[in-house]
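Naming follows writing order (A, B, C and D), and every chain is counted from residue 1.
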Amino acid sequence: MKIAFIGLGNMGGPMARNLLKAGHALTVFDVVERNVEALTALGAAGAGSAKLAAAAGELVITMLPSSPHVKSVYLGDDGVLAGVRRGVTLVDSSTIDPHSAREVAAAAAAHGNPMADAPVSGGTGGAEAGTLTFMVGADPALFDTIKPTLAHMGKNIVHCGGAGTGQVAKICNNMLLGISMVGVAEAMNLGAALGIDPKVLAGIINTSSGRCWSSDTYNPYPGVMENVPAARGYTGGFGTDLMLKDLGLATDAAKQAKQPVALGAMAQQLYQLWSSQGGGAQDFSAIIKLLHKPAANQRNRP
Amino acid sequence: MKIAFIGLGNMGGPMARNLLKAGHALTVFDVVERNVEALTALGAAGAGSAKLAAAAGELVITMLPSSPHVKSVYLGDDGVLAGVRRGVTLVDSSTIDPHSAREVAAAAAAHGNPMADAPVSGGTGGAEAGTLTFMVGADPALFDTIKPTLAHMGKNIVHCGGAGTGQVAKICNNMLLGISMVGVAEAMNLGAALGIDPKVLAGIINTSSGRCWSSDTYNPYPGVMENVPAARGYTGGFGTDLMLKDLGLATDAAKQAKQPVALGAMAQQLYQLWSSQGGGAQDFSAIIKLLHKPAANQRNRP
Amino acid sequence: MKIAFIGLGNMGGPMARNLLKAGHALTVFDVVERNVEALTALGAAGAGSAKLAAAAGELVITMLPSSPHVKSVYLGDDGVLAGVRRGVTLVDSSTIDPHSAREVAAAAAAHGNPMADAPVSGGTGGAEAGTLTFMVGADPALFDTIKPTLAHMGKNIVHCGGAGTGQVAKICNNMLLGISMVGVAEAMNLGAALGIDPKVLAGIINTSSGRCWSSDTYNPYPGVMENVPAARGYTGGFGTDLMLKDLGLATDAAKQAKQPVALGAMAQQLYQLWSSQGGGAQDFSAIIKLLHKPAANQRNRP
Amino acid sequence: MKIAFIGLGNMGGPMARNLLKAGHALTVFDVVERNVEALTALGAAGAGSAKLAAAAGELVITMLPSSPHVKSVYLGDDGVLAGVRRGVTLVDSSTIDPHSAREVAAAAAAHGNPMADAPVSGGTGGAEAGTLTFMVGADPALFDTIKPTLAHMGKNIVHCGGAGTGQVAKICNNMLLGISMVGVAEAMNLGAALGIDPKVLAGIINTSSGRCWSSDTYNPYPGVMENVPAARGYTGGFGTDLMLKDLGLATDAAKQAKQPVALGAMAQQLYQLWSSQGGGAQDFSAIIKLLHKPAANQRNRP
């Protein structure tokens, strides 16, 4: 299929490469020329704008950093809607607020283009390995249409409901993840401070009612698990500042919806505190270092 | 074995019955005479005080409401240590603060009695069915000694480390549980407010990084799961005021240990708020009702 | 002076009337026709759009509900900049985020119009009595120019610094106010629950280090002061939902600035909770009712 | 008057000296012999125990670090009640939880000794200058009896109500103070991050509804005021760990009273975080350093 792919950064680049590998013909655009060249070197055609790229596609996929970028890339003078043919399907894989996602989808529909929001989880590793999870907001028929193409970039393609629900699912899940990680950090630190072996404590939690992904798959306490960021100085993984972005989207959407999210808001402040102390680029599980007790701090924790 | 069992309330009563069923000879005591009579009717011997009950046991088990009760039952003039023979093992299954647990264990050791803390999870249902989880703080040899007896009352008998670590494991797990439940409540409510189907959202979370026991086994959103308190008006289960008690133990222990527990403390305040609005006797997952958005409040509130 | 006044709601209406009383010639616009008629009945000229009103002014003043309104009224096709003559001074008295205020001021400057942000405090009472406080962001010469006109609507005209700093001052003050009020509510409730007479407690706080406006001028505990919302069922005053709006502006600006505001965010969540339980239209000091202890809840809640 | 003074630390020492200066005859005791010697060098008589000191007094005053000390000094075998004559008045100036204060007062009353709780504010500076504030819980006649003596050590002697209310007043005021200080720190930091001059912002707040002691008398932002801890590197003043102690008393009393104190609990966690990062010995206004935004952190942090 002829696919226009717009936004070729850390996530979009490897996603586009996987589509090329799967045999699709890509026309690509990015504001950073080097990112375009990396794809044309692999056989993609380059375009001078989102508009021109979109004009060449039977399907348009975008992967952009934030809501203002999405609005500008879709609705601007040189944007997707200005160039795309009517009837062509649009898929935005950016993580943005559900309200903006629905606004752009409505503009696309008015223009004659069905549009899906399809944010991902799995990080740059998943983007490269083609094992991303896609959370898709689209009507059922549209979902069926795009699922095979998304499957060239991801392993789980989940239908969440109508337009915007892909974004809703992502920010709700990630808000809960951000809360759980702080909860695990507090529980593990408290246990260690009170004299239980952290590995034993994790084992008990993981078979009890405190069990969660942050504890049994991604434990933040050093020495409890292998092959997690805590085992390699909190490098790799999902950065604190990315978690902050998602918590910002969640609390902002909650504000619009007049929905209290007390722990979500407090988790956001704690990650902000940690980021302001220099932890923004580390994996978000490093929040455990913000919450160390005095003795541990004095003993020079990494 | 001749066992002295002290504390025959909602938990201790059925636990003692299971020991009787397993063929043990029990001497029992409780400040509420009716509780004693319920056991003597089943073949236990009654005693007039903790001291007298303890004097008759080759093993002493206690199940009491709080730390002051434990101190008084073990250390008081009519208490266990005043009556028990040297060398007899003591097991306290109350949920209390680790500091008090260690204090009493040290007094017992000085008196020549090895002592284990063995708080349970599983609630009154688990106590009756004999399927409790015991979290045991004891040295390894002592653990091996008492494990077969505890196995008549529970399914999982977990060794947590030395004296006090049973309590540490329990309060750390339950603090995390209390946080996770609020997190799930906020995420589910936010998703519903933003237009995703709650069942779909729960399904996505349960296979993603937000996955936790509060979401996949005990989801608080009505209609998402069957056979959970949310499916029966938040009756049964683990009461809000019991969760409040455990969060109080956790934040208090954290204060002693100079360990920050920001979300633990905030969760405690939210359950307190919910309890103060009349929710104390409902299952703790009813915290989701405190956090409803306006429309839901207007529709569903009494 | 010929003044264009745009936005004639609960605040803008009485402000415009005070300018008329002071002898200014007004051309007014509002999207609600009735609001325009109320002013033309008093001698103002009506205009069919912000553009047309602005064209008639030697000074333009706006009073609008939120940032999107301000952007649209200034930058839209029928907006102020499309109609106003170069060199005419613009004053926006809306409460909006500092970032948007600076954006609009920059657009005005590029168009040849000096612009000041001048949000107010004092509520509808102050607007009617002409006793508002204006917090003005403008360069010093511009401040001197507009001060005499603002003085016809307010008592304190405070210079806060360059463009946007009026908004900054307002949201910082109001965030602190929102926090202090919750703090006073918690302290007064706690004291009452522990058996001290609330009036005595307030007297002690008001001469000690806990002293603050929320305690000594606007105490939320019923019976402590006269002539405050707490003395009249929390009617009048500054509504909970208005406090929520300002806390939303503050935490959002903090997010942009990467500045932790832990108590500000938590206060926002508590007012949201209170609003979701039906308290949005009551004075913000009614937050004390959210935080009542159980007995008080049982006795006093409707 | 013959006064027994027990507890001669940083606060008790200078308080006892002021009583000596006022012409009272003192018999003193402290577990630290050096503290006793410092007073006997000035003319006090030393005693070998609290019991012996109390036996010599027509009035007993105690100044101790915490509730367990107070219980042991009053109720222990070598304690005040074991030595004091019936009818002698007892005054405890320690800051402890109201529940314990009432417990000890009841024991004293049962023994025939009227007792007042009279915690102070004003710090070591106030203790030395004799300018402390005493918050007194006592019946009115008892208050009148002890007021003249307290006036030799303090400037404001405030009657708060019956037994325990002195403690209640102190912990409620200090909880509010702890909250307000964090609020001011957040508001000042946010303003500075958004580009307003901190001195101008403080001036606006101090004449507006955000006004509070933490802003107008003890501003935490460096450069805003002279003669405050912020002007001298956060030395002197009221230490973070002392604020932590008082917040611990407040949240604990709130737990007993089933009273939500959401911001009080969150402030406690923030001071704990700051203490765990090494700030415990600095003035509590240094909490502003915990909450710095990234740039400020990079520039200013040691």
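Keep this in mind: a contact is a pair of C-beta atoms (placed from the backbone, for glycine too) under 8 Å apart; a residue touches a chain by one contact, two chains touch by 3 or more.
Everything numeric here is computed off the predicted structure, so don't read it as measured data.
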Size of the rotation, in steps of 5 degrees, that lays the CA trace of chain A over chain D: 180
Type of chain B:chain C copy interface by residue overlap (half), same or different: same
Centroid-based (C-alpha) most distant chain relative to chain C: B
Just how far, in Å, is the C-alpha centre of chain C from the one of chain B? 50
Chain A and chain B, separation of their C-alpha mean positions in angstrom: 38
Mean-CA-position distance for chain C and chain A (Å): 37
Going by the contact rule already set, what residues in chain B reach two or more other chains? 258-262, 266, 270, 273, 275-276, 291, 293-294
Could you tell me which shape the graph of touching chains takes: line, ring, star, complete or other? complete
Interfacial residue positions of chain A with respect to chain D in the complex: 266, 273, 275-278, 280, 290-294, 297
Chain B-touching residues of chain D, taken from the complex the two chains share: 248, 251-252, 255, 258-262, 265-266, 268-270, 272-273, 275-276
Which bits of chain D are touching chain C when the two form their complex? 98, 121, 133, 135, 156, 158-162, 164-165, 168-169, 171-177, 179-180, 182-184, 186-191, 193-197, 200-201, 204-205, 207-215, 217-218, 250, 253-254, 257-264, 266-267, 270, 291, 293-294
